[in-house]
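Below you'll find the structure I mean.
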Amino acid sequence: MSVRKGMEVSIAVAEAVKLAKVDVIAAYPITPQTHIVEHLSELVADGELEAAFIPVESEHSALSAVVGAAAVGARSYTATASQGLALMHEIMFIASSLRLPMVMTVVNRALSAPINIWNDLSDIMAERDTGWIQLFAVNGQEAVDLTLQAFKIAEDPRVLLPVVVNLDGFILSHVIESVELPDQEAVDRFLPVFQPTLRLDPDRPVSMGAFGSPDVFMEVKKQVEEALIGSQEVVAEVWRDFEKAFGRSYQAVERYKTQGAETLLVTMGSISETAMTAVDGMREKGQKVGLIHIRLWRPFPFREFFQAIEGAKVLAVVDRALSPGGPGGPVGLEIKSALFDRRERPYVADFVTGLGGRDLTEEIFEEIATKAEQYARSGEAMRYEMIGVREE
Amino acid sequence: MITNEPKDFKRFTPKTLPQEEIIVSGHRACQGCGEVLALRLVGKAIGTPMIVVSATGCMEIISSPYPQTAWAVPWLHVAFENAAAVASGVEAGLKTLMAKGRIPRRKIAVVAFAGDGGTADIGLQSLSGAMERGHDFVYVCLDNEAYMNTGIQRSSSTPYGAMTTTSPAGKVIGGQTTWKKNLAAIMAAHNIPYVATASPAYHLDLMNKAKKAAMIKGPAYLHVYSPCPTGWRHGTDLAIEVSRLVVETNIFPLYEVIDGKYVVRKNTKPKPVEEYLKIQRRFSHLTPEMIQTIQKRVDEEYEKLLKLEVATQGLEGREGPKEEAAKKD
Amino acid sequence: MIEVRFHGRGGQGAVTSTDLMAQAIIEEGRYAQAFPLFGPERRGAPVLAFMRAGEEPIRIRSKVYHPDVVVVLDPTLLPIVEVTSGLKPEGLLIINTHKTVEEVRNILGYSGRLALVDASRIAMEEMKVPITNTTMLGALIRATGLAQMASMDRPLEKRFGKIAERNKRAMQRAYGETVIEE
Amino acid sequence: MAKIDALHPWRETPLGGAIQDAGNARQFKTGDWRSQERPKTDYEKCIKCGFCWVYCPDMAYTLRDDGFYEWNGDYCKGCGICARECPKEAIQMIAEEV
């Protein structure tokens, strides 16, 4: 029987990777991901995890080595953040198009410049179009659960795509909190040994990564796109299996007090929990506010999203990254485009805030919800607002 | 002469060359390509079971025009600068899966192929990492001395004076202004068990070195001279001729570095460098002074090599160079 | 607007042909466009290059699928490449060959407009190399009047410098020796 | 340009664009790339040293039972290395009939 313990979330994630009995880890250290890879090194060094740990010389090589390992049928894992993820950018596209399953933890951290080691979502938002399945954890338990789920999703023969699990740097990764680690037998039943479909095998030689001329390129890309879109059903299926095995349920778009809410905060990552507390406060003062947080970012869960916002008049989107010179934050942008051809649409107010680790308190969320309602009432179109920036 | 070759290493002789090929006819290399020939001979020498990782470059493009592949062995290409990193993952994956009994335990040669650009420039960092970490694989740099796949642009491995499209023979600057980067020395500095240079004209020497590289436990580096008629502007029939002349002129000496000890194939009566330079139009603009500069530097580098052999083998008063040269390959 | 497709082999200068022809047409104050079939060109492998010429600026970026004219620089391509594919019914096929019109028509089963010249022989005699890219421009100009022979001078000089003269001679001879058969 | 065969619809595209049929490039006859010359072996002079087989970038020579090496026109690109390297000059480049 697994029991709840106080544990740093980074350590918990490393323990989840151990429970998944990963075969190969390749990683390069970068704040705030280091505690994960350090603990994994200890587990391997102490013989608690039978895996090859490749201390590569760069993140570009980290993902490259993981692709190589996955290509021979090994369950493979890496973790990174910010600049490291940016350095992997070239290989992200290749990993998904090669249809090789692997799992990566991204401990979200601001992209330089200025160099900043604190939390926002600018790193992962820059990887939106790489063809990876992208999940977001809101607390330590979710970080553990999503890591185990990620392997099962990635390795499903209907999917065979790499999966990234996002958790906020420092404000989640470095926090000691209550986490329940499932026991090994239950995990082994939920996540059996990886049976590769595509494998470099001298007895059945295949060529991976061939040169695709204009005649064939689009057909290969179409296949990847259909696999990514189709993966949404598998994700839901894996979540059902997980709930049966471990009793914790997961949704592509999670709801909090959305019943009877006219305004919904739209968040991602661990700041959602602070926002939920803010919603509690606003509800007590009679404000009809609720919250949804997007757990499955890619493939974008359109159906679940529309169901979750039913009845809402105003969406107050909290973006943790900016799309400079564009129509606003990436999440606000996607939500407006998703709603574009709906007959009735809630008013969408997009607020870019909390960049570079600026703390997001309950007050900020109250201000965001209230301002969103004011914008909606004024009927004034609002592209986006960077809230929390000192004007004077 | 130290010859601590791996235990059961048997040298190839003309009669015992394997028939098996790792790459098949139908690949799209140019007429008379020396690089695909070098690749073929290395692969034939190492033999199967083998898994190949390629960097982006001529050999990757000419061998994998989807939906066709010229590879007869399992092959993976990911990107330009990460062949060594990908090979590290392949090697580590195989090792772990075998340890866990998930795949049969057997010796599978993991071989990474890249060009000079993919090795000396964009891929040097991941190569250094893989070598330092001690992965059990063979990295083969097929050196055609420029970025040929993208149309003959200069690399750090382009020889001094050579004309390429980005080191043109201009009125003011006459071709490549830098001396060829010495990759074998950089690899030897990683203290890996085996480093060797090879040339297709000396195919037995090449194949024996490739076989040795694969048998030795740990990382091995092969630097293989690979003529490119298109890029060097010489006849399509001259790949072997230039591969011979480059060794006979001591421009590209053949040697091994076994556990840090240099073993040099002696050539005490080298031909003048001009004999090699004059049959390639990439050198047609060289002035007598430039040729003299090359000759002088080539002689110095060769002397340095001999000194390295003595120094690293620590042997005093061994056979003089004359006796050495007598032993023909 | 006239659309032309050139058939050659990697390393034989098919692209140079289209470039020179386009430059000459532009020098005459008209408009032209020249580009190869983009992709890794391998020495010896069959390659394609395209050219468009017209009185107005040309605003098409796709490949040429229905050429008015097809130029074949190397006769050894005939058995392995469908040189007439997409050629307009009233189109013109120009081939470097020493064969007669009848022989070519039988080999290709082609009954349309045809222009032949033994450019390989001319190139060997005038330039000592079997490279026929400039020689064939003489045939192209003769058969289509796409440009004045004189307009080729500057592009040839710019491209070939000292050996421009030989190329010009080969081009002139091809202009004279081309056999055109409606 | 020989069209790439097997241009299948996207649903039939192999997983990840991986080519399952190792060595299927044999279907592509590079012999079409010859335009000037091709090699011809005079078996009287040939001493079965195998250099033509060793030094051919396109593996256009195969070992026959009688120990001689057979030229394969399907793949030879006409580069001329074999003729140049044959120690007995048993291989001559002859004009490609046009």
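A few notes on this one:
So that you can tell them apart, the chains are marked A, B, C and D in the order they are listed, and the count of residues begins at 1 in each.
As a convention for this text, a residue touches a chain if its C-beta (ideal position, glycine included) is under 8 Å from a C-beta of that chain, and two chains touch if they have at least 3 such contacts.
Just so you know, these numbers come straight off a predicted model, no measurement behind them.
Relative to the centroid of every protein C-alpha atom shown, the closest chain centre, again from C-alpha atoms, is found for B. Chain pairs B-C and A-B differ in how many C-beta pairs are in contact, and the one with more is A-B.
Computed centre separation for the pair chain B/chain C is 41 angstrom, with centres defined by C-alpha atoms. One finds 57 Å separating the Cα centroids of chain A and chain C. Remark: chain A and chain B have CA centroids separated by 44 Å (rounded to whole angstrom). For this pair, chain C with chain D, the centres built from the Cα atoms lie 30 Å apart.
Multi-chain contact residues of chain B (touching two or more other chains): 28-32, 61, 64-67, 69, 71-74, 229, 236. In chain C, the residues touching two or more other chains are 42, 44-45. Shown for chain D are the residues that touch two or more other chains, namely 4, 8, 17, 19, 22, 30, 33, 77-78.
In the complex of the two chains, the chain C residues touching chain D come out as 9, 37, 42, 44-48, 74-77, 80-81, 97-98, 130.
Of all residues in chain A, only 97-100, 160, 197-198, 205-210, 212-213, 215-216, 218-220, 222-223, 226 touch chain D in the complex they form.
Listing the residues of chain D that touch chain B in their complex gives 4-6, 8, 14, 17, 19, 21-30, 33, 49-50, 54-60, 63, 72, 74-75, 77-81, 83-85, 93. Listing the residues of chain D that touch chain C in their complex gives 1-2, 30, 32-36, 77-78, 96, 98.
The residues of chain A lying in touch with chain B in their complex are 23-24, 26, 50-52, 54-58, 60-62, 64-74, 76, 90-91, 94, 98, 193, 200-203, 205-213, 216, 220.
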